[in-house]
Amino acid sequence: MVNVSIIGASGYTGGELIRLLEKHPNVEIDSVTSRQYESQPVYEIHKNLRGSDLLFENLKPSEISSEIVFTATPHGSSMKIIPDLLENGSKVIDLSGDYRFRDFSKYEKYYGLDHTAPLDAVYGLPEIYREEIKKANLIANPGCFPTGAILSSLPLSKSQLIDRIIFDSKTGVSGGGISPSEAFHFPNVSDNVNPYNIVAHRHGPEIQQELQEYSDVKVSFTPHLVPVIRGILTTAHSFPDFSKITSNNDISKDNYISKENTISKDNDIESIVEYIHNLYLKQYDGEPFVKVLDIGEIPKLSSVRGSNFAHIGGFEIDENGRLVIISAIDNLVKGASGQAIHNMNLMCGFKEDEGISHYGMAP
Amino acid sequence: MVNVSIIGASGYTGGELIRLLEKHPNVEIDSVTSRQYESQPVYEIHKNLRGSDLLFENLKPSEISSEIVFTATPHGSSMKIIPDLLENGSKVIDLSGDYRFRDFSKYEKYYGLDHTAPLDAVYGLPEIYREEIKKANLIANPGCFPTGAILSSLPLSKSQLIDRIIFDSKTGVSGGGISPSEAFHFPNVSDNVNPYNIVAHRHGPEIQQELQEYSDVKVSFTPHLVPVIRGILTTAHSFPDFSKITSNNDISKDNYISKENTISKDNDIESIVEYIHNLYLKQYDGEPFVKVLDIGEIPKLSSVRGSNFAHIGGFEIDENGRLVIISAIDNLVKGASGQAIHNMNLMCGFKEDEGISHYGMAP
Amino acid sequence: MVNVSIIGASGYTGGELIRLLEKHPNVEIDSVTSRQYESQPVYEIHKNLRGSDLLFENLKPSEISSEIVFTATPHGSSMKIIPDLLENGSKVIDLSGDYRFRDFSKYEKYYGLDHTAPLDAVYGLPEIYREEIKKANLIANPGCFPTGAILSSLPLSKSQLIDRIIFDSKTGVSGGGISPSEAFHFPNVSDNVNPYNIVAHRHGPEIQQELQEYSDVKVSFTPHLVPVIRGILTTAHSFPDFSKITSNNDISKDNYISKENTISKDNDIESIVEYIHNLYLKQYDGEPFVKVLDIGEIPKLSSVRGSNFAHIGGFEIDENGRLVIISAIDNLVKGASGQAIHNMNLMCGFKEDEGISHYGMAP
Amino acid sequence: MVNVSIIGASGYTGGELIRLLEKHPNVEIDSVTSRQYESQPVYEIHKNLRGSDLLFENLKPSEISSEIVFTATPHGSSMKIIPDLLENGSKVIDLSGDYRFRDFSKYEKYYGLDHTAPLDAVYGLPEIYREEIKKANLIANPGCFPTGAILSSLPLSKSQLIDRIIFDSKTGVSGGGISPSEAFHFPNVSDNVNPYNIVAHRHGPEIQQELQEYSDVKVSFTPHLVPVIRGILTTAHSFPDFSKITSNNDISKDNYISKENTISKDNDIESIVEYIHNLYLKQYDGEPFVKVLDIGEIPKLSSVRGSNFAHIGGFEIDENGRLVIISAIDNLVKGASGQAIHNMNLMCGFKEDEGISHYGMAP
């Protein structure tokens, strides 16, 4: 059993944390905070939570002493409260962008803010940092786009197959948050597709940070708002150097070079596809939340809707040598609150999928 | 622990049953059947169930001996297999329309089919028939529209306040099933509102059957297909005879006439509204899945999406004496598979909300 | 040829006026005004108008001397500028609610504002007030809901068949205007149905004003926001007194009592339906924009999308004597800007459908 | 004045042709054909065309003698009737894929059909083949994706700046046609994004055919079905060789090398962006239907909805040297029927935008 608090619980990721944590068998919620809605029942804001008896409180960090604290606060705000929370002895899972860059100068460049409290944090993608997460006091929960993009391409970077990759992502509108704006006005979104920050979204360098741990891959990223509530579908386009497939990738190493599965340059596309598919199967073998689909099978947002699963599929190569890998996640669950709970489960020694094992909701 | 089978598991309600029953702590799934997809993994059809190791089987009723069998078969098919299932000793929860009418001549009139196996069944709306359900061998799981409509108006009929009521329902497209057709072709549904069977939908007389248990109310019903995947929002329009509110409804009786809360004809609309709201609060007091909202609060499909909750709200009266009550349910959960599991829980003596207690998913 | 100005042209109805008037063969646009966007090209706000060389201007009423002025200003604002425009010699077509009530005390009651400039205006529904419109100096362009509701029920009121009617309307989000708000935030609207002002929308008494010109019909009205961009589908529920059908309605009179088509009480539903359908066919015979569909045919928003047509269908009666009539319009065209242009055509002696004769856009 | 016929008029592109041609001032429609709906009014199928008095006829090619014939028939069918139509003296505008490949072996490869009637045709993209179209007897109206993709990248290929390009396209569902199928079932499309034919869509080599007229650019193409009715938004990702910008592209030549606007390698991204933007401005200068947006401005489907316009925007370069250009068209108008009418206007010597000059419909 662990007691937790959620700071900034009136937004979408806060609502998702309550939705899932209230039913988590090992969790007791101490407090959920919101300055704006102090003393109101949470169900007045998150109307799907009718039945909950939680009330929003307006607490200072010093008044919170839960073992785990989720900070679902905007970037720039998290760094102001996390030092105090850590001081109090809480472990913190931060859903903002404040601790995702290991190089804080990048934070300052891409978020346009001075970082006032640089601290060591573990990037909370369990598929990469499982062991570090178990021991961490501060988790930087990954961005929604990076979660889907990194999972879709990690084996490509590890196997040194690519030097560039383009992520063309399509995101549901809930990624933009609970506050109305022109960009999210129904008549502007419905029956439309809206690319935005087409060459300069903050999540681009975040993806690149993680992929460059294994090889010098240059990441290009463009998000598109589609008329969807939840979900991110990422289409990863790359031109692998198939000649390198001969070089004996060994997936057991970090930047793996396999001993088996060697493919000569002369091999046909089918063998290459199988080889690449195999890299993914091995990479994610045993992962509770990553499902590698069959070759040619296409992930669907509806397959992961509301769930913590990531589906990865596609695995096809066109006549001009372009490889297409596609991933689908729910941006609010695997891309935010569900992954945060996965991190909590790891930190607390719970079953990894406790409280987040439910299937996606389709149709 | 109970072992169950699902017959006809390749459709939407079958998929929902698997989604929820696989995670139900007291349930073991013996078999899920589909002639068309025999031997295929369920996740090839219900792609959200990736991770399940269930396979579709092609079984005859005589080959099934689970304690509980869910028949998610089309109307006309259920009646052909249910007698054998009961014979085998299974208890049956039928999600088709075959056993919803107590008067089988109505079935034949509204479904246009001879009924070849009339049997006693309990109408599986726990809010009305809880005790009968616990002892039943055959449950007629209610229609999706009737579930929302009956819940929205039961206290009105019980209190003899109305002699007519109009249900104007707006339904998501999943209510039409998994098979493509012109009516459900995306370009025909999106950005449209499609009324259908505007005066002759089968669910109209089903609603009337239940409401007429308490008073002679005439039911008019029109469904509209809206560009929504899941959910039914029902707007119930009626012109209550407010003079009857003086007549001391007692909610403890079946057709209740209260002793307190008397309101004279001269009372203002606010008192009448409060009186009516109170009828609902009392009727659904303690119900695990019915939430009576505050006066003036409007139910939202997103508040119940994916959940077994019914939200009831509105409770306003216009200048011309029309009362508006609004209910929202998820047609595939409270309107079908979730309610079927609720019935199973009652039949098996489980906690009523076991396996179906999760909140709705919003946004 | 007529020169026109549009005041308040940065909203949706303003945008539609420009879209249609720029291509109108008999119109020259003098000016389009917006304080907020002064000097900007209209296509920066209405991006579909790329190619237009109009600029927003910030003009006082006294600086406008066009023959026709469209005031696409919010209610409360129109009454402040219209007296000056009329003074200048312009004829005015007002798209706000300021002049729709003939009894200004109703305006004050339902809009909650003092009316500072009560003036005689003609209610701009050409199907009722064609001759008055031709001679008018000030047109109160009808509300979007009233346009669809009145057209769907005018013959019922004229024939004295009903004493109550319920309009359950489903509207696209563009009816709420161009400004973002919580109610129109994509995740709140998509996959949802949102009833609002369920017993107290201003358009209810506006509808009643027009229908009560012919009989003492009480109007109940509830609008629902559906995940649709444009269009209003109105379901009109009523319980006609079929015995009155014997009383020889003569459609040539204003409150018509026909000499032929008498139907006795004993007649079957089919004859009654035909009789009622016939009332509609006669009422709208020769109308350029009202299409009476066949009995049983259901109007679709997609059939009128972007056009000035109103489709009226349904014409069915259920077992309990309820009649269902359904109308579909585009709220921004027939429900606003297109109807305003129709009024202009009448006022200027142009062909009635000049510039607005295009078909709806489907799919 | 020209008389025309439309063969295969019951589908979406046929419906759009009727919608636009009936209001075209220089066109008289001789006949519209459909075997399936022979003798039915067109408005029974295309319900938006209520008011039209056209009936579907079942005519053989030999019975048609219109000056212009539009074949809105499926690929494989067009080639069976076009030779007869040409024989009869008609000029033919074919909306199928049968004549888009100049090398018929490619047709056979990518469409999997023997071509039984290879004939010289002009690829009907007026922005490239205006002069040839004026003199043509047979027009191969371009595919919907190729229209948007080619326009978004023509200047890049002409200026020899790229050797590869990736088109990631998002299309509305109407592109899939009027027939229901699992892929277009509302619950499968709504709230989803569905990539398909991710490395092997026929439109890929069609795009490549046109771009390779100017340089050896390799085209990679992936379409995605989004929950949108109409419209194609194409995101074109490429890595131009900026060093070539020094080489004096002259846009007046076919593969242009400009004399001015030289940019040295050392120039900053802004100058490069301006240079590239300039290539587009010059390329499309005077084009009635192509709008080159400002640098950084993003095209919207709603800006071109229902219209024949193509908007091209983006023009940004990321830190890793990737250029992003985005185009938006309406797949049924500029991507099909509108462009066919543009071709007709050219062939008949009419004003280029006659009958198709209307603005897009927003919101």
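All chains are identified by letter, namely A, B, C and D, in their written order; residue positions are counted from 1 within each chain.
Convention: contacts are C-beta pairs under 8 Å (C-beta built on N, C-alpha and C of every residue); 3 or more make two chains touch, one makes a residue touch a chain.
Just so it is clear, the model here is predicted, and its values are computed rather than measured.
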Problem - Interface with more contacting C-beta pairs, comparing A-D to C-D - result: A-D
Practice task
On C-alpha atoms only, rotate chain A onto chain B and read off the angle in steps of 5 degrees.
Solution key: 180
Practice task
Averaged over CA atoms, how far is the centre of chain C from the centre of chain D? Could you give it in whole Å?
Solution key: 37
Problem - Separation of chain A from chain C, taking each centre as the mean of its C-alpha atoms, in whole Å - result: 48
Handout entry: For chain B, residues contacting two or more additional chains
Key = 12, 172, 174, 178, 187, 190-191, 227-230, 300, 302, 305, 363
Problem - List of chain C residues in touch with chain B within their complex - result: 164, 166, 168, 170, 172, 187-188, 191-196, 198-200, 204, 218-222, 224, 226-231, 233, 235, 237, 239, 298, 300-302, 305, 314, 316-320, 322, 324, 326, 363
Handout entry: Residues of chain B defined as touching chain D within the complex
Key = 12, 172-174, 178-182, 184-187, 189-191, 227-229
Handout entry: chain D-touching residues of chain C, taken from the complex the two chains share
Key = 12, 15, 19, 22-23, 46-52, 174, 178, 190-191, 229-230, 291, 293, 300, 302-307, 309, 311, 357-363
